[in-house]
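Each of the two complexes below includes chain A, the first together with chain B, the second together with chain C.
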Partner chain A sequence: MKKTMNNLSGPLNRQMSDTVFVRLCILPVIILLIVINIFPLFYSLILSFTEYSARKAFSPEFIGNANYRDLLTDPTVWVRFVTTAKYVVMSVAGEMILGFSIALLLQEKFRGRGVLQTLLVLPMTMSPVIVGLMWKLFMDPNWGMFNYLLGLGRIDWASNPDINLYAIVIADIWMWTPFVMLLSIAGLSAVPQSLYEAAEIDRASWWFKFTRITLPMVSPLLMIALIFRVMEAFKVFDVPMGISGTGSSAPPLIAMKLYKDTFLTWKTGYGSALGYIVLLIVIAITSIFVKYLNKAKQED
Partner chain B sequence: MADIVLKNVYKRFGDFTAVKDLNLNVFDKEFLVLLGPSGCGKTTTLRMISGLELPSEGQIILDNEDVTQKRASRRDIAFVFQLFALYPHLSVYNNISFPLKTQGIDKKQIEVEVQKIAKLLQIDHILKKKPKQLSGGDLQRVALGRGLIRKPKAMLLDEPIGTLDAKFREEMRTELKNLHIDSGSTTVYVTHDQVEAMDMGDRIAVMNHSLLQQIGEPHEVYSNPKNLFVAQFIGSPGMNFLEMESVTSDGKVLLKFTGDGTTIILPDFLEEKINNKKELSKITWGVRPEDVEIVPEGTKNSLRGAVFVIENMGNHKIIDIKLKDGTLIRVRELPKSKLRIGDNVSITFDMKMVRLFDTESGDSIVFQE
Partner chain C sequence: MKKVLLLALALALALVFSVSFIFAGGAQESAADEDQFITIHWAQWAPADYLQKLSEGFTAETGIKVIVEQTPWETFVQKYNVEMIARSDAWDIIVGDSQDLGNMADSGHYVDLTKFFNDNGLKNKFTESSVAAYAEYPAKSGKYWGIPAEGDCLGWAYRKDLFEKPENAAAFKAKYGYKLDVPKNWDEMLDIAEFFHDPDNGFYGISIYGDNGYDSLVMFAEQMIWTYGGDLGDYATGQVLGILNTPESAAGLKRYKELFQFVPPAFNDAFFVKANDAFTAGIVPMTCNYYAFLPALANNATNPYADGTDYFACPPQKGADGIIRQYSALGGQGASVITYSKKKDLAMKWMEWFIRDDVQMEWARIGGYSCSKTVLDSDTFLNAAPYNPAFAESLNIMKDFWSHPDYGELMEIAARTLGNYIIRDNGTAEEALQACAEEWDAVINK
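Presenting the complex of A and B:
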């Protein structure tokens, strides 16, 4: 019996087994990952302990943890972290509240809901640099529509260092609210209608249903949206680059310094060290969220 | 506790009418079963009583108050859903206490009430568990607990035990019935299972094609069905039907079995019923398995046939007799019956229990109001 079975699938087997084929298919991706992700990750870790400039013809010189010491004792770096944190809190909070609210509104059935939903998703599909440049034009103090529409007079959103952080927050919220909205819609539509009917029978008010059923049922997906947005916002570079450039009036975000040190002044070793600090912070924050997410999932 | 009155209620979904001109009274503390095949409008009726659907036309009165246009949260009713609809993220305790929490009732009092209900339903040991961890029967009890805890004016149940396995269903039937007696709440119970309906209902309302067909006590709908639909839907095994034609001979009305042309002499009270409806010629003869008797072949006023199948049910036998034209008649016999497959026999009928129907309209000719 076994023999005939082997004979049946024989020709194919002799050419290539399934596992070999699967591995062959994955191979290009693995090579690509090693070359452009994993190797740089480890190489930059090594570089972060050296004095090195990628533009000069000297080989990296090992200097121990000097880069890290310099960075962590530099007060301007702390200012940048605080500014970045402010930015993360404001933009992510805005996106979560707006995105979830719009998703709630879209639960109601009305004409043109599908079209509206598609239009609302559009900002997310654009390139962030373009979004930045577009908002720069939109907020231009001389001929931008933003001030005019809000009746604000000549406010220079992009280059005034006191307020250009808010300009970036607004642009970021505009761009990424749809992301939270999409995940919220997915979460909301997964709540069985029968639960709301049961709650209606149990004489629950709208608020009671919202806080006792909707929120807990949607919270795992909201948590995922939150993780993604915090991670992204923490290392945001392209939108602020589009709005305020990288000059001295640009808001002191951490990614901005990373870019300047590494690619404008070519302090590659120093930049790598800063990159690693940012990486560790992002990992720390997300692992806290992931822990909460797992807890929320278990409670389901 | 209260009575429920539905007056000329209609429910339309677009072009489809789910419930047509429904008039229904549910008395205080009654256990009423809405029975019918799927799509007959029974669940829609229940949902209208609850307020989850509002009627397109007509009036619904709950405890002498017109609630026709009131939403479910403004009527004081409990509803047990077919798939329970327990809150999956809440513990059993929080599921049961939910209806009290929405009313802002004091925590200590909630605790007392939950314990009382949990004891009644024997679920006090699973109060901390989540619905996901429970068996079908426990889910059922929790859903009932959530309904009972606030002492509603009426309990509405939508096929609450349809998803349980057969043996457990039987237990739950008894349990539900006892619970109804204990709590004394007006109960409307939807099912498609006529055994359940017969077993549990104080009265049964049979629905089909959006229309109420008949309402009455279980023995009424069983022995005095208003039309062919009710006759065939109720009873297991179902009623036997024979196609007959009325013929007149020597001034007497006889019925001729269209299968083999045998005529049957009718007792006076049946003859009179047919005489009252002169225009009728095609008549469906309905008789329940227990009202048919197997007699030696050739007995007077009988139909000939042969034993086709014997089902031994333990305390009785169901014997299928195949008549000349192939019609099968199921007969309920004592277990000691010595009949064998292939035996040629005849059957006679208990004339008092025979139901006659107008074949065209399906209406019973012998229905007693």
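Presenting the complex of A and C:
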């Protein structure tokens, strides 16, 4: 019996190279990715050139680039892109500044630092929709605590279209600052103490040490945090959905339009085209950041 | 050798999993044969719990179990649309939104129940408005796709204690010249809202919908349009222009906007939750909401003012032509059998059971809003809950939005154009209606 097994496995073992073995192992994952990720991606690309509603019993009708033309010549779409850009700049800038500042403060050793660090991470662990709904209640001018605690009177944060973008920025900063903080802490921990000791010997100022040692050493991780946050913020949906809903009082963010076109009015072809435009923009922005990240690594 | 063994192990594990799945499925099927069940899909709210409880009676009689699967309201419509697109047999019955009837029927997702409907004389068993909204499509075609399950429409709760307070009654009489009471028309509604509106002291005149993310603002707007003699269009021919954009419709929309100046702050996104929250927070004297959400206001545990709360139906209004009209925007759902169900026979058994008079009476008794005429006329129903008399009155005046295959687009257009005037304060009522009519016409007649 043993001999038979050896006879069988011998040729198999000889024929199967490492490469073949690795490929066989990853094949199920590749198939799964193709079925649930790659296929929908390409199928939606095809749909973006058609007039199609997934809710109706008719086949997609090829209409060329009409969906893209309609979208790119619609001034309201550009208003949405500009609003989304404003939101990305405000929220990501807030998160980067606050997250990095808190990480610097947590470098100091004090009692309860670990507990504080854990508590600070909690917002990030919550569901974004819950965060949105929670802030909506918190900021309600009739029964919320936000205005009361800050002595702001009856400011309508969630449904006043002039200011609700700021409400979403505040909620987003509250939720995602810990993410930047964690990456910053990881970066700060990796800075060799010997560099600071050498700077101390040279009687370097705090500012000199910060700009010449801390910042350059942490910048690759900060850049990674920046890339993730910009990508996420650009397609943010859950938090604004929770705070302002999808009505016309809600801030005109691009992801809200994508949702309304695709799932409320069921313009599947049109929604797919908008999805691709958003995807291309996110890829373009990310590529720029990745280029800078690689440059920073090379300089290191 | 090691590689081959590893690969063999992986393949063996895959085989074991596959076989166990197959056997598990087989076991489930054989269990189902012995223990029959149907699945009903509905939104996640109290009436779905009541339906689950009610269906225990069906199980006791037939041995067929009923699972009422609930989806949160926020994704309810999207979920069943997606499932139907996928031709899913996950459910046997959907208790779906009335506006979706047209699309579901046109797309072949619902079973044609015309024969069942006629054989059982359901046209006369349920109220005319509920049959038109939850069962019949196209309008007046005599083709039926569902049975009225949960009747619902807009109604009102008010603080009777505040209305009867002597100093309020006297001040109101002195200012407006008539008694402070349940409004007999929309002019009185406006007076009462204005009278109570006192923002300096954190009290406001009225709580009505302001959210235009889905259908809430449109629901309130349409009932105002109908009450003032306007209309949304001709549902049978699809004509909109010249029917929606009329002075009568504009008069209704203007009254909505006049009322909206007396809502609490941040009501631009108010839907059913906020409408009730304002009332239970004690900052408004009256609120408009779907009847399905009014039980919370009759409960001391959820409304501290429950003992002083009473209810009334949407009031009538004399139009410019001298005709008195009274309407309430329809909500609610009908129960329809899914085309892709593998247990249509069991689903039909449930439908036959559900339409029985004794079951409809029990449905109303435990909290469901039956549309059965027998139930609505009975003293048992009228005395079962404080809001039931108002509901019975409302069921005779309710009317629905377009039940059109493109209702999603029609809803979005109306929410945007009318909301632009009501909550964004842009343009006039006439401009909003003209914009809505033109866009609707383009969608319906494309």
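Please note the rule applied: the second predicted complex is superposed on the first by the 272 of 300 C-alpha atoms of A that agree within 3 Å, B and C clash if a C-alpha of one lies under 4 Å from a C-alpha of the other, contacts with A are read in each partner's own complex, and residues count from 1 in each chain.
Keep this in mind: contacts are C-beta pairs under 8 Å (C-beta built on N, C-alpha and C of every residue); 3 or more make two chains touch, one makes a residue touch a chain.
What you see is a predicted model; the values in this text were computed from it and never measured.
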item	value
Which of chain B and chain C A:200 touches, first, second, both or neither	first
Contacts of A:159 with chain B and chain C, given as first, second, both or neither	second
Superposition-derived comparison: chain B or chain C, residues of chain A touched	C
Touched partner set for A:266, first chain B, second chain C, both or neither	second
Which of chain B and chain C A:40 touches, first, second, both or neither	neither
Partner chain(s) touched by A:16 [first = chain B, second = chain C, both, neither]	second
Which of chain B and chain C A:140 touches, first, second, both or neither	second
Residue numbers on chain B that touch chain A, as the complex places them	50-52, 71-74, 76-79, 81, 83, 85-90, 98-99, 101-103, 130, 132, 146
Complex contacts: residues of chain A adjacent to chain B	192, 194-195, 197-205, 208, 212-213, 216-217, 299-300
Parts of chain A lying in touch with chain C, wherever the complex brings them together	9, 12-13, 16, 18, 21, 24-25, 54-57, 140-143, 154, 156-161, 244-250, 260, 263-267
Chain A-facing residues of chain C, complex	1, 3-4, 6-7, 10, 78, 81-82, 85, 103, 106-108, 202, 210-214, 217, 264-269, 277-278, 281, 283, 405, 408-409, 411-412, 415-416, 419-420, 423-424
